[in-house]
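In the two complexes that follow, chain A is the common piece, with chain B as its partner first and chain C second.
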Partner chain A sequence: MSEFISPRNLASSLEARAKHPEYVPIAGGTDHMVASKDRGAPAGMINLFGLSELSEVSELEGGGLRIGACVTYARVLDDERVASRFPVLSSACREVGASQIQARGTLGGNIATSSPVGDSLPALLALGATICVASVDGERRIPYEEFLLGYRKVDLAGNELIVAIEVPVQHKGAVQTWRKVGTRRAQSISKLTMAAVAHLDDGKIAGIRIALGAVADRTVRAKAAEAALLGQSPNDESATRAIKALAGEIVPIDDVRSNADYRLGVAQNLVRRFVLSL
Partner chain B sequence: MNIDVTINGESRTIETEGHRRLLDVLREELGLVGTKEGCGEGECGACTVLLNGEPVNSCLVPVGQLQGASLTTIEGMAGSESLHIIQDTLIRYGGAQCGICTPGVALCAKWALEKEPDASKERLRELLAGNICRCTGYQAIVDAIVAAQESAPETSLKDAKEPGDE
Partner chain C sequence: MVHSSKSGEEVTAKGSVSQSSVGKGLPRVDGDAKVRGTARYVDDLKLPNMHHGMTKRSAVPHGILKGIHKRDGFDWSQVVVVTAEDIPGRNTIVLIEEDQPALVAIGAPIRHHDEAVALVAAPSRELAHEALTHLELEVEEMPAVFTCEDALEAKVKVYGDDNILKTYLIEKGEGDIDAKLAACDHVIEGLYRTQAQEQMYIEPQGMIASWDEGRCHIVGSMQCPFYIQKAMCTLLGLDAEHLVVEQAVTGGGFGGKEEYPSMIAGHAALLAREAGVPVKLIYERDEDIAATTKRHPSVVRHRMGFDADGTIRAIDVDVLFDGGAYQTLTQVVLSRGVLHAAGPYKCENTRVRGRAAATNTPPHGAFRGFGAPQTTFAYERQTQKAAKLLGMSPFAFRELNMLRDGDSTATSQILEGSVGSEAVLSAVKEVAEAYALPADDENSSVRHGRGISFYFHGAGFTGSGEARLAGRATVALAVDGHFEVRSSSTDIGQGVQTMFTQIAATALGVEPDVVRVPSPATDRVPDSGPTVASRTCMVVGRVVNQASTALRERIEAWARENGFGDMPLRQAATAMAKVEGEIAETVQYAPPAGIVWDDEMYTGSAYPCYGWAACMVDVKVDLDTYEVTIDRCVHAVDVGKAINPVVVKGQIEGGTLQSLGWALWEDVIYHDGKVANDRMTNCIVPTFSDAPEMHTIIVEEPFASGPYGAKGVGEIPMDGPCVAAVGAVEDALSSLARSEGFDVLPVSPEAIQRAMRLES
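Let's turn to the complex of A and B:
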């Protein structure tokens, strides 16, 4: 008999998680139900979907937003605060799956699965998000970059749940860009994604975060390219230096050589265009 | 477990294991075989139902998640006397051929027109992009939905029997 637990609140979810580490926490099910299709009944499930503490978007001091782990893509898209403060995140969510996936899929599920092509991930990385996790022993807050450990691997212990994502306020006037390269249709898996956020001060790039999806085993920041741009004016010259730096730091995921080259080429074009748009 | 749910306006209690796919429970336990299985992986939208008013792939929902929810399947879309306007236009415009995608298309279109009554044709295509059809080439489906949109005063789009109407 496979048990299905529907905790009433976060505290009892965490207790259930501690008591039954072999049970699957389930949010929208859009990753898990596909992955487990032919695997028979699970030991048990802990249902998180709709839990009010995990389904809200709330204000953080200073203008950031705290987005519950079980907030769906559809809810993100309906939220005008997200659209106006973090357009890079709205844009990423708009291109996830189709209506049915958006109605059910959650940010927490996207982050927990941590596929290298997960669409919200580069946006959250470029926004400098913090992941909030909890267990019966308490809460931890981890900068998203450190939370990503490897291929589909995140810094989440067996008794923990992702509770929320905190997105800090961005610099006023920051440019936020999202690009998904794929067969630009619904349900398409990204070939490459870029989320980038930057702002200028006195004509020079004073802050920049570039995150890329599908160029490595996990979503990554293009740190060398960022470093090449910081303090520079956005122009052809600095863009060229940045994309050279990029070639030295990313290792596209495909082992088919030409495919890796293609991906690098696309990533370079996207970064160049972003720099020239500043 | 016992799951209390309102299906097509009727309160029911389902006794089953919570991890089972909603799709299987509808078809095997409740005899609601209007919901079709296509790919079983959320790609095709054939098994779309409206869960608390939103379109979901019933192949991806563990039925335990329905506790306290309200559900509309294709069986609940028509009124007792007449078809829903979208069902009617799908028939008249040739938007249904083999019929496997049709229940999902009809329900998703109902949701789309209620959510965005003024949606452009392009936008409607986007909202229905998760419903794959291998017969019609989509043109007839989109024409049917646009016809429903044009002929329907906003309220009649909501004609379908909704949970709580009793």
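Let's turn to the complex of A and C:
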């Protein structure tokens, strides 16, 4: 039997983490439960679900929000501030699994697992989120893009826990779009996801972030496509240049859910559709 | 729901129509226990000292088993291991043939991935699992064949010298079919491919076996207790007296629990015999998906010739099914496939050839529709193309050619009564005219489309099958004054217990709450035949009706003789039971007169009657993601008589979604003969969120030999919605995609993308 620790607060969670770096931290446990069938039980688990310090959504100066790592998808969906300021994140959370998973799964857990198909991840990347991690030695703040290191690999030391996600205020008038392409309408692992945020200035694209899931070993920004669009008018020509650039920067694969051709083609279609919607 | 009732309600002897529960939406008698969670499925059952069994499976698709080795590092005294050597009877799972072993013997061939080789039982699942990981198979791998087309070349031999499991030929009309086709104004030829489909019952398969003084008792999840009994007698070398098979509450079957449960029951019995304690053997979901039977993949070549006005003149069909590694039910599935392959259309010149080939994949077997969905897909794609070519409405083309009362089928069966072809098609046409498809905006990212299909499904066993089965059922007056319906028909979620309750209560003239329908056990019920082939209501329901009527007459006679003539039947029965004890009436099925079937020539009455159905599906296709949304599904089905319209509607709508899933999403992906998507997360079936608005129309063209006019309903909803959906996707993308792209299932977003690329 593996040990299951449920610390009462963040401080004792960090102590437990420092003492047992080989234990698996559990936020909602939804990924872990599935994985344990293949990988067996870990040496131990540190249960963080429900810790009040990790379950709050609070205001940041200037209109951003700090979302605790153990805030569930269901809580995100209930939060009107998220819905009005970061609709791309609400939309992503609405399409995770189904009600049961949304009630138990958390943003922190999604980030820590860092599956290339994690549904909230492209939204956080497109919003320019910052990840806050803590250990008994103190707190670090890392831009989400830098936090992602590889396939299911994030910049988290053995004694650290993800404690919060800070989402900055977006440009006034920015357009936010979310698309999940799943295997079906609910209870679906994504074939492809896209989150995009952009704003115009005087008819030209003045800022744009396009994030894609399931087209590489991790959730990625489409930097080349963004570069092809920045400073351009959103039209057929700029969209065509952007999707050509996109083909050179993503590396989708064939698997049991879909194939590389489809993933590339659909990613291009969705980016084009987004550009033309601006 | 439009409910167009045409059959008259039968009046009971007491003349009390108000007492008839037939035709009413009585709540499911098994519903309360299932909703409350008190229903006991096999995994809920525990016997004293029960051990847990697990199965060691092959990890290659084809090879010779050279040895089974117990590795060091494990205390083997804690567990029981069973191999082919421990089988007391014959090492086979008997159904039609004896080609499939219960366990692969050393020196014998392994013919598919995940084939059972050895068994272990231990006091806990964890220990059994650990033992499995220490059990090593020594195998000499051999080249394998994975598609039925490759299997025809017989470079790799899986079955006999040519891999052919079965062939059929149906011919109608004089002369050469090629010449007949050549003489037609138009000929449409198509090659159609369909994929394997997983039944995905909610409850995985499982059994518990226990032995008591040489008597073996099996309880578990199943459709056909007597199939298991027969297979087990051969395997264990016992007579039927010493083998009792009992159904536990069963969470869905869809055909998947027709033949495979014999394998699990056999394994559990062998383990329990060796261990000396009861053994429970429950499959994990991934094991269930990897090892058990699925719908046969098919390749169907269809040629249809017709006049300039649309009249069909010649049909030639070549049907090829992938049977998998063993015969199981393949030849019967293929039979139904070829018997439906010409479609519900008049045609004087028809040839249907059928073949099934063996491959190194787990055997394909029974699945709702049983071969008909594959050939229905082919002939209705052909009909869709023909109507389009001629510029005819899909309704007009079918009205011109459809079989009607008095017409002759491909096997020269003259249809006599209960032909709902016109009624179902016109019911759907009426709705089609009421709802127009939304107009598409060129700049929009979606396109709308509509597809129509029209089809039939033979009810009951093929040809003389029902006469051979001679199914029986008993209706008894128990000593407590209740009535009991005893049959081997299993309720697998489709509502058998409720339906029999209504039939018996109506025939007896009593309230439904004094009728019980217990789950079958082979020592307590007569053999009514298997719970398959859309036969339970039509065939066994008829016998239940007759037995109930006989019992009622006997009670009435007793009441008259004993001076209780004026007493309501229920009270008279209670009085009689007190005096006489239990009394029971058993009736054996007698097929309707005039059923003549030639099994050699494949001509005559293939089925006693047919269900008829028409379907309309409206879709929208997203041009960015190629995803299909089904907006509406209108489905009219002629069921003869809906004994319980709510249950019937549930059957139709469940089958409809299963058919739509097969069309658009469902696939079983094999990598070198091993199922690669063995989880519910990647073996995709639709959820409620994927289900369309359903408009279900029950049509009732009564069948004279069915109870209250009822005929089969279980399978027909699976046959046709699929091809209507595919036609709708093609219609939505009419100028944007290549038609042949829609001749292969599933029409997934990836397939739609390819079809659109072919065109551009």
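Going forward, the second predicted complex is superposed on the first by the 266 of 278 C-alpha atoms of A that agree within 3 Å, B and C clash if a C-alpha of one lies under 4 Å from a C-alpha of the other, contacts with A are read in each partner's own complex, and residues count from 1 in each chain.
One rule holds for everything that comes next: a residue touches a chain if its C-beta (ideal position, glycine included) is under 8 Å from a C-beta of that chain, and two chains touch if they have at least 3 such contacts.
Keep in mind that what you see is a predicted model, and the values were worked out from it rather than measured.
Once chain A of one complex is fitted onto chain A of the other, the partner contacts of A:99 are limited to chain B, with no touch recorded for chain C.
Residue contacts after overlaying the shared chain place A:2 against chain B, while chain C stays out of touching range. Counted by residues of chain A touched, the larger count belongs to B, out of chain B and chain C. Judged by the touch definition given at the top, the superposed model places A:265 against chain C, while chain B stays out of reach.
Once chain A of one complex is fitted onto chain A of the other, the partner contacts of A:33 are limited to chain B, with no touch recorded for chain C. By the touch criterion defined above, A:273 reaches chain C but does not reach chain B. The interface of chain A with chain B overlaps its interface with chain C at residues 34, 98, 185-187.
On chain A, the positions that touch chain C within their shared complex are 34, 98, 179, 181, 183-189, 191, 256-259, 261-262, 265-266, 269-270, 273. Remark: chain A residues 1-4, 6, 26, 28-30, 33-34, 37, 41-42, 44-45, 47, 49-50, 74, 97-101, 103-104, 185-187 touch chain B in the complex.
Residues of chain B that touch chain A in their complex: 1, 17-19, 21, 40-43, 45, 48, 51, 54-57, 59-62, 64-65, 67, 108, 111-112, 126-131. Of all the residues in chain C, the ones that touch chain A in their complex are 445, 623-627, 665, 669, 676-677, 680-682, 684, 686-690, 749-750, 753.
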